[in-house]
Amino acid sequence: MVQAPIPVVVNGAAGKMGREVVKAVASAEDMILVGAVDRSPEIQGQDIGEIAGCGPLEVPVVNDLQATLVLATQERGLPVMVDFTHPDSVYENVRTAIAYGVRPVVGTTGLTKEQIDDLAEFADKASMGGAIVPNFAIGVVLLQQAAVRASQYFDHVEIIELHHNQKADAPSGTAIQTAQLLAELGKSFNPPMVEETEKLAGARGTRTGEGIQIHSIRLPGLIAHQEVIFGAAGQIYTLRHDTSDRACFMPGVLLSIRKVLPLKSLVYGLEKLL
Amino acid sequence: MVQAPIPVVVNGAAGKMGREVVKAVASAEDMILVGAVDRSPEIQGQDIGEIAGCGPLEVPVVNDLQATLVLATQERGLPVMVDFTHPDSVYENVRTAIAYGVRPVVGTTGLTKEQIDDLAEFADKASMGGAIVPNFAIGVVLLQQAAVRASQYFDHVEIIELHHNQKADAPSGTAIQTAQLLAELGKSFNPPMVEETEKLAGARGTRTGEGIQIHSIRLPGLIAHQEVIFGAAGQIYTLRHDTSDRACFMPGVLLSIRKVLPLKSLVYGLEKLL
Amino acid sequence: MVQAPIPVVVNGAAGKMGREVVKAVASAEDMILVGAVDRSPEIQGQDIGEIAGCGPLEVPVVNDLQATLVLATQERGLPVMVDFTHPDSVYENVRTAIAYGVRPVVGTTGLTKEQIDDLAEFADKASMGGAIVPNFAIGVVLLQQAAVRASQYFDHVEIIELHHNQKADAPSGTAIQTAQLLAELGKSFNPPMVEETEKLAGARGTRTGEGIQIHSIRLPGLIAHQEVIFGAAGQIYTLRHDTSDRACFMPGVLLSIRKVLPLKSLVYGLEKLL
Amino acid sequence: MVQAPIPVVVNGAAGKMGREVVKAVASAEDMILVGAVDRSPEIQGQDIGEIAGCGPLEVPVVNDLQATLVLATQERGLPVMVDFTHPDSVYENVRTAIAYGVRPVVGTTGLTKEQIDDLAEFADKASMGGAIVPNFAIGVVLLQQAAVRASQYFDHVEIIELHHNQKADAPSGTAIQTAQLLAELGKSFNPPMVEETEKLAGARGTRTGEGIQIHSIRLPGLIAHQEVIFGAAGQIYTLRHDTSDRACFMPGVLLSIRKVLPLKSLVYGLEKLL
């Protein structure tokens, strides 16, 4: 028996990430793009395939999410909505999707803790699956999981994150998140072997409460890179992830679309779907 | 209640690895060295601590394994024997240990598949724990486990192993083992995107039946390094292990000593104990 | 005294590289774009700034190189022509430029040895400077120069080049060129310390006549990377260049424009201008 | 005509570095060890080859430098003295060598600026060559020279140095020296593209007056490593040196022995001899 393709509606379809999702869904054999919602007035009615640069898909851009979801559900049953819109509309979008029986896969950032809890409760009541995913890069999640496992056996670890020099904040959110995941083990890292002295202040980077050192490099020519280095007598174990293109998020988006189908509640983080 | 220290007999105590084990056991708070067996005639009766370079331990080198095990069992009960001897004696050593109720932790290489099966059966009958560990480097095992996990989500992977230029064979045994572990998934890696042409033969390295490419670098100044590189559109995920000293095996030896105590059978590979 | 900006004509201005050059020249304070030549019929007369994505420059695309050079020379005196066109037109373009007193900076590939010699002779007679540059990436040239210098002191070296898996040939042209530059020293690299055995054919990569080993990695997610690794007892010296964007060639293009001005002959290779 | 081998006296021959020098000189075809001076009373008269672990050399350890130099000069003419002794005796050793017509190659640290100037003057008067070399690792010097060259073309650079966690001070002396060499160009590095914010203090490392960022990593399993990373739009150029063994200094020692022969004055730094 051939499985029917999964119907997908992309909300924010003409944005940078939305267009990538449109292309990825269009080339996935087990999915079909059934709706493209975007508020930009100048592209209403245009074929989203042309906008995304993957050839005609016969799916026009519209701006009414609700109507699109209703129509998709009637025609196709149980679609998934991928949301890459704006912090100020994502909460309403997700509520709308759940209300109409559509599973949300959310890449839009900016949901507060309270909003996430509220949406989770709403999904629970409706027994409706969904996923809120702050980072769709599978490699980052795999790296973090491997790092958590390694931290059980290594007591010494430092993190280097490297980004282009137009990134204003340091360390990166991903590096801080990695350090937090390692910290959950409850152990103290990098017990000092000698009395360390910084001849130049800041040389040793920053140190979290659990003793993890983090270093941030900023250079033009870099994109987004993270390196977690574990050390023990006679050995070094290094995990590194390099991002060079937005395309790196698409395997995670497609995987999320597939994995939310059987779910009955809202999950947070790609690691819950791996 | 304070736990009594684990009594440990080291067989092959004056060899390169044996001396490292002696030092490691001597500095582990939860262990006590109770016997040092070595066949070298010129060091019989000498203190193994002096030979290993960690100061006097009041444990003389002897050459009678059986007597040492009997005595250790009587005085201390249930010791562990760490074996770093020779391929031609290891099988007998392990049988002897099991026969005398001593748990073997075996780092000596050269046991055949049949010998391992036979020892496993013998240990089963005696309900006696033990471990045969071809590679005690925890970092290598963690890398291989992380690689197996990543290979579920990445279809493209190449392995680079780098060793000093006095290593004769290529690829390294560890790299081949990593490729075999990835192959167990049953999928075919590195589906070609273009018709590849080697302008210079061998440039693309070797390719296993499952499509995994392996490259071997040999240079003075290198020691022992392995890199597994996964690629997907827009991202690279790299796992690397660097060995610089025999000391890197000791955490794995100590962990094995601790973990065989409650076992009732013989396990193969450090990964079974992590 | 303020220096007058250098007038630049871009030939092949609407191509991928041409558009980058247009943007780079437009943002260089010491240059002014005075002509944009491109054969594509559908964009004739359009502003090249709009096409290149850097805002209006009031320089329309035209298809007559000769007329553009004549006009530019009359109005501005001594301009430079950057050529990123096609292998079948580049020779004529360069002759035309020299004939009209315009200095060529050529990034177009495909000139034969005979054509280059001929153009060099033609430039000599006209005492006209110019540059043919197969690779404008300054980092690559610096890496190669540093490698040549290191090869005087290190006898062991291997090259790893890593590219996306849509590159068909291996090793890369740049890696081959690096090996050739090292070979010019006339010494034999990587004298074997042991009898090497390839358990899997190709594992050790390819080996040039001078003994330099080259390894080619191909993975999606990679872009264009080269690593030259020198080894000696107790030390490793590594040079690595990573390319992530066509923008990396622009500093080399701008530098070439500036450096050809005082020249009286045609030079080959960015290294002649550094 | 076969060149006579260069006679070499090693002062501090039984120390860690001295023994390495003995081995290196013994295996260099163009050198001959003619004297081994060391103050340690318990090894007087023993063969230095046995002590160094390279087999008998028929050169006994003695403690009288002056007598050794006199004898070596009479028998062999013009020898070279390699000095790896102590900060408190090195100045006198070098004066003695020059006074007796022996060329000093000095690896001992601790000479003050004044002492170096004084020795240089003394060597000048005697028209005697010599070398004071704070770091004999050729790879480090090559890296620094390549970095200085690259810094003419790249405006953005960060340095990462990685050492074992028993090193107390950060950044390493070598990293500071590299930054100073780059600073000599007189330009300001890493002009900020955005207003940077450290969410965790120290994350961005330390910043020299010229804007060079330095980051220090400390982990067991590391030995001594330095990485200089240059960035520009679309490209990264990385220079890395890894030290794994004291042996890495020997090519620099042998090269210094050969290069001081024709000198008529005292030079400082291996770079003066490359």
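Letters A, B, C and D mark the chains in the order given here, with residues in each chain numbered from 1 onward.
In this section, a contact is a pair of C-beta atoms (placed from the backbone, for glycine too) under 8 Å apart; a residue touches a chain by one contact, two chains touch by 3 or more.
Because the structure is a prediction, the values reported are computed rather than measured.
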Number of steps on the shortest touching-chain route linking chain B and chain D: 1
Distance-maximising chain from chain C - centres being C-alpha averages: B
Distance from the mean Cα position of chain C to that of chain A, given in whole angstrom: 38
Inter-centroid spacing, chain C versus chain B (mean Cα positions, whole Å): 50
Junction residues of chain D, two or more chains touched: 221, 230, 232-236, 242, 244, 248
Touching residues (chain side chain A, partner chain C) in the complex: 221, 223, 242, 244, 248
Residue numbers on chain A that touch chain B, as the complex places them: 137-139, 142-143, 145-146, 149-150, 153-154, 230, 232-251, 255, 274
Residues on chain C engaged by chain B in the complex (per definition of touch): 156-158, 160, 165-171, 176, 190, 192-208, 213-222, 229-236
